[in-house]
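Per-chain residue numbering starts at 1, and chain names A, B and C are given in the order in which the chains are listed.
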């Protein structure tokens, strides 16, 4: 009975603590499924913990995001969870939060300056490396491949391309016959892939730096009436997972945006309540989803 | 008198078309030299060459006896020659004094930094205006708030402030009222007295005979002659311009009896531009509505055509009609040939055919599809009736001369068998030959029973063509005259009535 | 001669441009680029942009601009896909999509014609609003698992010709007839050339203005449906940026941004220039960094040639 009261008191205590807790959640964009799932994870966790979560969408604009962080500082939020639009451009935002004494947690992308209390991300170099690894494995170390890269200059593009190139350089029999950007966009990927197929009708594989481009490539291959081309994508969006299940996408290097954001929110909760966390950076594991592992992945529920 | 400018054998052609051929003449210091010629005679090109805007293909220009070569207008301005275009080169948002010193701002140093010295500029601007008797302009007003006449004076002041000894003016009176023209002329006389040489392009021969000392006539890019104004008559100038002797600028008025049949009656027409306008228009009648610019006659015409809001009643053939937009007037058979055909009459970048057809597409189309055949027939018929000169019916109208453009505007309404034609300054900016044809066309239409309202500030035109004249002043009808026994002075008397009282 | 040359340069300069680009790629890549199948591919790839450009052309001819047509294409793709999936009825999906396209077009037109908001600002605002509505409608998630009947529009063929090309060709013919052979088309040109003179000639200005935006919305809707169908997916951000390619195609084709002047065939050629450049450079595996520069320069060069040509002949 006594312990029951204690538990009840604790619950009330936590509720009281979190009643006052407001956390700003700055997401870089909300117009692709990866970040939608990411934001949903944060919202769900915040609801669980009774946190008032202010979601701000920067529409991929550095200056918009900087303004939003400044607004949150003005509103004296208890913590800011930042999914930066750019690693360098948001440094001033982090410094401003530091000055105001507001803890900062960065998610999915790092910030190259200021004091960050917690950083959680998938490793994009690793992401690219895994894609390349599967390509080599599925092609038995020999074949012509097409590389579809993301938005030129974006950090995810840089890191994933780096991982792919570093890994492939060890395999001289793998030849990149075309290397084109498709802007992380499905429609662009389809058009680009259609044109590439004109010049290179006999390619063996496509590595796309996200699922949307992989899906665009799959559409192009289908429209050209071709088959047997291995398509590798990543992020693990539902449509990508479905494509793996259908056998059109060979591997999907799945990230776990939902869990990542949820973790970010609970980290903020602890930090605001005065608990220290170590380590202060966390790498979210990547999960290569293949036909063999797809059911396992679906069952795990992210 | 000493020769200030000598033009020697100037030739110019554009993409193979000769525009000026062996032009030779000279201008004396301090004279007012008029250049006349029909549209396309080469006047503007010649002036642009003198002012450095164009370079001649051949020939020489001597200024004060020495040969000059201008590669840009700035060269000419430095040599003391300024050209004032019909379209002004003023910045509307700036004040008069800022415009006068545009690009040559007077500055003062403060802490080693150059600041614009507004006081000095105002003072200097005021001095220029005072020297030449342009006292009615305030140096502080923004140019956009000035009347056309004052804008022109500002432009002149701007030229004079650069110490121009030769001032070239391209049709300076085209957009001026009678009074403003008088003011301009008195200023020009003043300039002349101070030794400024003025070259003056105009279509209005009366003006030239009023003010010029010498007239040079160009025709088709050739110089026909240079004459002292007191050694030549207006008829002689006209025949030099058109290349044949023309008895009169106006065709003979056909003798006809005008019926008492009322086609149009307006009762108590009022708006912000006119008050209590009442008149009757008979079948086949040419009714002139004269007055100074701004007297409201133009607005009366535009209101009857549905372009302006007004109070009052309009009766067409005895029946009340409600006209609130042009479509209403068009349905009623009332058409307007506007004063500014570029603004209201034509779609400049479209073809002769399309402009002709625009208000008439309902006649040429079935289920919304235009019949190419009927359309072509109609435009060809209208072109041949009006003697419009076009290279093809697909030619863009902005490539046509003013007279031919006006004929396109007239022609498009003829298709609809007009009951009433409102002609607002129908011959403005049109050469003499085309004017004559338009007058003949008006008589022809009147004989066919079309009633015409002629709105004009050219008094000779109103007197010669009208069967009856109404004169407006300050938005009211101040008099009715019978042109058979009225003079220009009689019209003017009514035109200034109300202004003086 | 003068007027003839002027029109000649304006009209046919852009054709020489396209032919020049094709010759260049044909020499560089004779085996892959210069093949019938690749030309069908280019047509297919250009069809969406050309549909948007044809609609855009109506608006630009009236001296307006429609910045929202890409956003409308995106929303229509989502609505058509969404309604098709939820009702299981393709016909309902298409009707809903086309209705949404025309509806937002009419909204644009009313804002421009009656509220007298400049077209640039009005459609910039609706572009933003429509993009937002698309995100709300889709909740940021793509709509997929579309029935195969939906996929036919963008992926199927009739007599070996891709259906999207047939739709584009039909739209071209209809637009050409409307602009060159109907009373309405004449009114569009006239209103763009001189709105006051058109009113004085009895043209109903506001109905012309509203209808051109409605047409732009309709053609953007068709483009949006093809886009979603081609991908088998309606993406929440589909169509963004398409308005700029459409405007580029129209201007490349010689239509004046000041209104009143333009040529339907030119718009098609403008669309092809953009598609051929994208296709040819990708086939040659030119880096993305350089592709953007080349595209910009070619567009600039083409427009400059046209305007220099005009100026030279006018002198």
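FYI, a contact is a pair of C-beta atoms (placed from the backbone, for glycine too) under 8 Å apart; a residue touches a chain by one contact, two chains touch by 3 or more.
It should be emphasised that the depicted structure is a prediction, and the values quoted were computed from it without experimental measurement.
The touch graph of the protein chains shown is a line. With centres taken as mean C-alpha coordinates, the chain found closest to the middle of all protein C-alpha atoms is C.
We define each chain's centre as the mean of its Cα atoms; on that basis chain B and chain C are separated by 43 Å. Separating the CA-averaged centres of chain A and chain B is a span of 71 Å. The geometric centre of chain A is 34 Å away from that of chain C, both derived from CA atoms. Interface residues of chain A facing chain C in the complex, by the touch rule stated above, are 30-33, 35-36, 149, 152, 177-181, 185-187, 190-192, 194-196, 198-199, 212, 215-216, 219, 222-223, 237-239, 242. Every residue of chain C that touches chain A in the complex is listed here, in rising order: 29, 32-33, 35, 37-38, 41, 44-45, 135, 139-142, 144-145, 155, 227, 230-233, 235-238, 278-279, 282-285, 287-289. Remark: chain C residues 2-3, 177, 181-184, 186-187, 189-190, 193-194, 196-204, 256, 260-261, 313, 315 touch chain B in the complex. Interface residues of chain B facing chain C in the complex, by the touch rule stated above, are 14-15, 17, 305, 307, 325-327, 330, 336, 338, 343-350, 354, 357-359, 361-362, 365, 368-370, 372, 391-392, 395-396, 399, 412.
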